[in-house]
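Please find the structures below.
Look for subunit A in each of the two complexes below; its partner is subunit B in the first and subunit C in the second.
Showing the complex of A and B:
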């Protein structure tokens, strides 16, 4: 019996050692615990298909953004303009498709160029001036916040652009970005698959390619990285452009799904992206983190957001509950993370 | 003996894990303790009302803590007590969030959805989905026309265009020549209608108007400064129309801060607005009866689910007839110097 216990203990040790090496293990543990917690508190309502559909639908925009923002944070930078850039993408495609009558696919492509240019601007400014990205992207944040509403009003006379479904190419773009599988309320949006796809691809880039190593190096110790021939500036600019691309994707997905765009939206969302990345184990100082982690962080947000009403708690307290839950999730992550011997560690 | 020692050693070796497991067990037990219990209904205060099992969700585009929507919530909550139904009141100014709140209510199997449609296009799929899932859908406050198109049964609120037109007329009649209309929720179709129609009234009587988008109730300091800055830059503005009682108070402060010579009128009322009208510092307020926008749809949903023969309340029967037309207008009513003194009595305590 003792032999078996020792064998079991060793098996456990080996298993935990292998699993604990992953930086996302803490967030997975936190998400699982939170999910089980709400499953009990809601008398099992959390595991119904309709509730799972709602959780994933709440999580995917944060998920796609958190993957990009998380990668940017590993690379040592922040993007505070990511939230309003989602609205910029939507406003741009709305103006071009509804007001100028462009095909939605063309409008989407042009709006991608706008976002890429904005991302490049963020990156160039950070690299050239050496100022903290916090300050640079705060400037972009305010600039876009004003430009979104001003340009929308200039071209359409309103801060709300409607009737995107009447533009050419709507059906095909809608099919690609916003198709729903299943019957409501058990409907899953194709966006969830896009989110999974982005997570897998970017995760692969981070762990299996040279670029991934460069990103860790650029965020961990830029000077040393430069000395070792890592193109730190190019990496950082690319990361800002990737974040802008994610914002573009979420922005146009929302636009075709809702067939309307509110130019004033997105303010404050940038913090939720960063929160999801941090809950998912990305270090705030850069150089450490994962991509599955931020995705799980977004999922934690979805679980908490849907779990609170499912558990029948008073919605007046929603933000307070969310604050506590996020703190608990991060603490669990931190505890588990401390045990983990890190590959790209301190 | 050695066996026991070895076992103990293994357990001690895993003390962190065991402690964590114990903690998790404790938290899960806590979750079990605070799970949703069968909802304990407060019995209807009116003894003659039959008790029915009805779950009603009211999902608005107002953020939690917004004074206007707090009045709506107060009306909804007193209806909840009166009719002994189960109510979920929630809302968010972010359209993405409001869509998800509505979808979640449908997933939770509610019987009735009462919803405000500030951005009807974005809400279309969710509202249609709710109707397909068999929910009775009613609209309040905004989105009357589109809501009916989606399949909502009845609307409770004030037609924004009619109210805007009337407000503009009153501004012009008070001698305003150049009006500033303050929009506090960019992207709210109904607010746009109010300003456009009020502006039309101004133009019809030879005046002009301009619209200003402000940050809103989320940041009152910033909103005050935004209004003040425009007043300072455009001394010709001699009238300000706000679309929310809290914004009206900010506009009043802004007018004072920059010493602008502008008359002020607003949509919606609060006790501060009523006092300002009484002191003569505000021209008028357009009242759309926020409390009733919360109370009436729940009363309607209740009697829509009660067998007619069980329905003993004369008041409810009258209400059913009233709302059968598909709209129950709660405004526009006007509060000005002529009736402000009587107003709190007419409205009664909330």
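Showing the complex of A and C:
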């Protein structure tokens, strides 16, 4: 009996250790606590269907981007151009469909090629030059920030492209990317399902496939990874292209949903993606993290974004909240990261 | 973690050193631009033996080792494996032939779990096409089994490599090389960064690995580590193989004398005294 009790307690300890060591455990706890806090502070308004719908509707674009940016961060790189690349995708599909009269599906495909090329450019430059991706993608950020607006004005005469719903193929593309379920104001967009699916697939790739193993290795110690035969350069370029694909998806989804595109949007969003990834437990220096974590990180942003005005506070506090959240999450990750080896008696 | 217990696994019967060499090196030379780094090295390596490669920095011992691992290209000579001539032009090729190197710092990725490290770059998969998964169960059980073969209880396979002690790290790297088909194992200064106890563990492991029939090339500047486990000593001096001695033919002090300058030093001392 005693033996069995000891064995059970050891099993329990091992299980709790394993759960507590998961990278996303902090973000899940934070999301739960924040939701409970704002539910009380808003006197129950948080748990109404319409509020939940708004939380998810705020979170999904950040969620999709944070998943890709988080995977890139685990692979050891950043992408500061991810925010404006969303606008690039929207501007491109807008110009091609509205101004040139292309079918929206074809415009979406061509827009994807543009984004993939930009992602490949980011990746190749980082791999070839050996410069920090922070610098390379900052260059891309400014390049796109200028090009989005300049090209939009050049082709349409305005930084705002409208009437995408008059283009051919709108109904079918809208059905795929922006259908709503439920009756307003309790309506959920299909985008939330895309976000969930994307999270599940990328999480599976990271944890269950050999590519995932290579991503961890490429971010953790590129020299050792190369010595073991991991194609580090190819992995990094692919991760930049995946981030560009996510930006494309969010960009065209918003374009068909709102039937208009602001060429100047997206500036500053890259920081939200990075914050969501870090809050979700991704290590800033690479080699460690999760995919569910960044998704939860984006959900935290949705909870705070909707919760702060619901609680009756000035919505400008959102930004201050974001700053505190980033600092606290990074400190916790740093603390946990330092503790981990000593737990095993290193 | 746990030190390997000698009684944890019955010692396998030591295979007698086979009379045929696994690797025959003849007249090997390496040149970099105008500099001759290695010349006229001819030596046979036998399975089941620990062959220690000793010498000063710049004496040519790492040039020799790197040539065998496919990291630099010999300018002369040839190498035979199992009696057949082979060209060792890349680390990948050397590995395919069963020659594995364990480097001090490039062995394991610190933040990666042990089972992920153990199969990095050679992941076992199950499933079909793009749905094929890294077989984690196989990886975990194989890691534990391979470590047990070396008499090491590695504990939780999900712990990260940075939680390992220096000795355990070497043990995992050696077990990994053996699992992936190492017949000739090159260990580059495996005990240099270790304390006495950890070094002892690793040296015992090296001995045990040799007894299972692997040919081991041990590079280390520390004679107090290499002499007890070595069967043979290749002494490199100024790009030449200066001596090839079996343990019976040389004492530790004689080897030490050779390494600290040997005859040259006596000449200098004699010259100084005669002044």
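The working rule: the second predicted complex is superposed on the first by the 301 of 346 C-alpha atoms of A that agree within 3 Å, B and C clash if a C-alpha of one lies under 4 Å from a C-alpha of the other, contacts with A are read in each partner's own complex, and residues count from 1 in each chain.
Everything that follows uses one rule, which is that a residue touches a chain if its C-beta (ideal position, glycine included) is under 8 Å from a C-beta of that chain, and two chains touch if they have at least 3 such contacts.
All of these numbers come straight from a predicted model, not from anything done at the bench.
K.L.:
Thinking of the overlay built on chain A, is A:210 touched by subunit B (first), by subunit C (second), by both, or by neither?
P.N.:
After superposing on A, A:210 lies in contact with subunit C but is clear of subunit B.
K.L.:
Once the structures are superposed on A, label A:318 by its partner contacts, choosing first (subunit B), second (subunit C), both or neither.
P.N.:
first
K.L.:
If we overlay the two complexes on their shared chain A, which of subunit B and subunit C does A:227 touch? Say first, second, both or neither.
P.N.:
second
K.L.:
Looking at subunit A, does subunit B or subunit C touch a larger number of its residues?
P.N.:
B
K.L.:
Once the structures are superposed on A, label A:50 by its partner contacts, choosing first (subunit B), second (subunit C), both or neither.
P.N.:
So A:50 only meets subunit B here.
K.L.:
Just to be sure I read the superposition right, which of the two partners does A:163 touch: subunit B = first, subunit C = second, or both, or neither?
P.N.:
first
K.L.:
Can you list the residues of subunit A that touch subunit B in one structure and subunit C in the other?
P.N.:
Residues common to the subunit A contacts of subunit C and of subunit B do not exist here, since the sets are disjoint.
K.L.:
For the complex, which residues does subunit A have touching subunit B?
P.N.:
1-2, 5-6, 9, 12, 16, 33, 36-38, 40-43, 45, 48, 50-51, 53-54, 57-58, 61, 149, 153, 158-160, 162-164, 184-187, 254, 257-260, 262-265, 305-306, 309-312, 315-316, 318-319, 335, 339
K.L.:
Could you list, by residue number, the parts of subunit B that touch subunit A in their complex?
P.N.:
Subunit B reaches subunit A through residues 3, 6-7, 10, 13-14, 16-17, 20, 24, 27-28, 31-32, 34-36, 39, 64-65, 88-90, 94-96, 99-101, 103-108, 119, 121-122, 124-125, 129, 132-133, 183, 186-189, 192, 213.
K.L.:
What does subunit C use to touch subunit A in their complex?
P.N.:
Within the complex, subunit C contacts subunit A at residues 91-92, 103, 105-112, 116, 119-123, 125, 132-134, 136, 156, 158-160, 162-165.
K.L.:
Using the touch definition up top, name the residues of subunit A that touch subunit C in the complex.
P.N.:
Contacts found on subunit A: 14, 18, 208-210, 212-214, 216-217, 220-221, 223-225, 227-230, 283, 287-288, 340-341, 343-344, 346.
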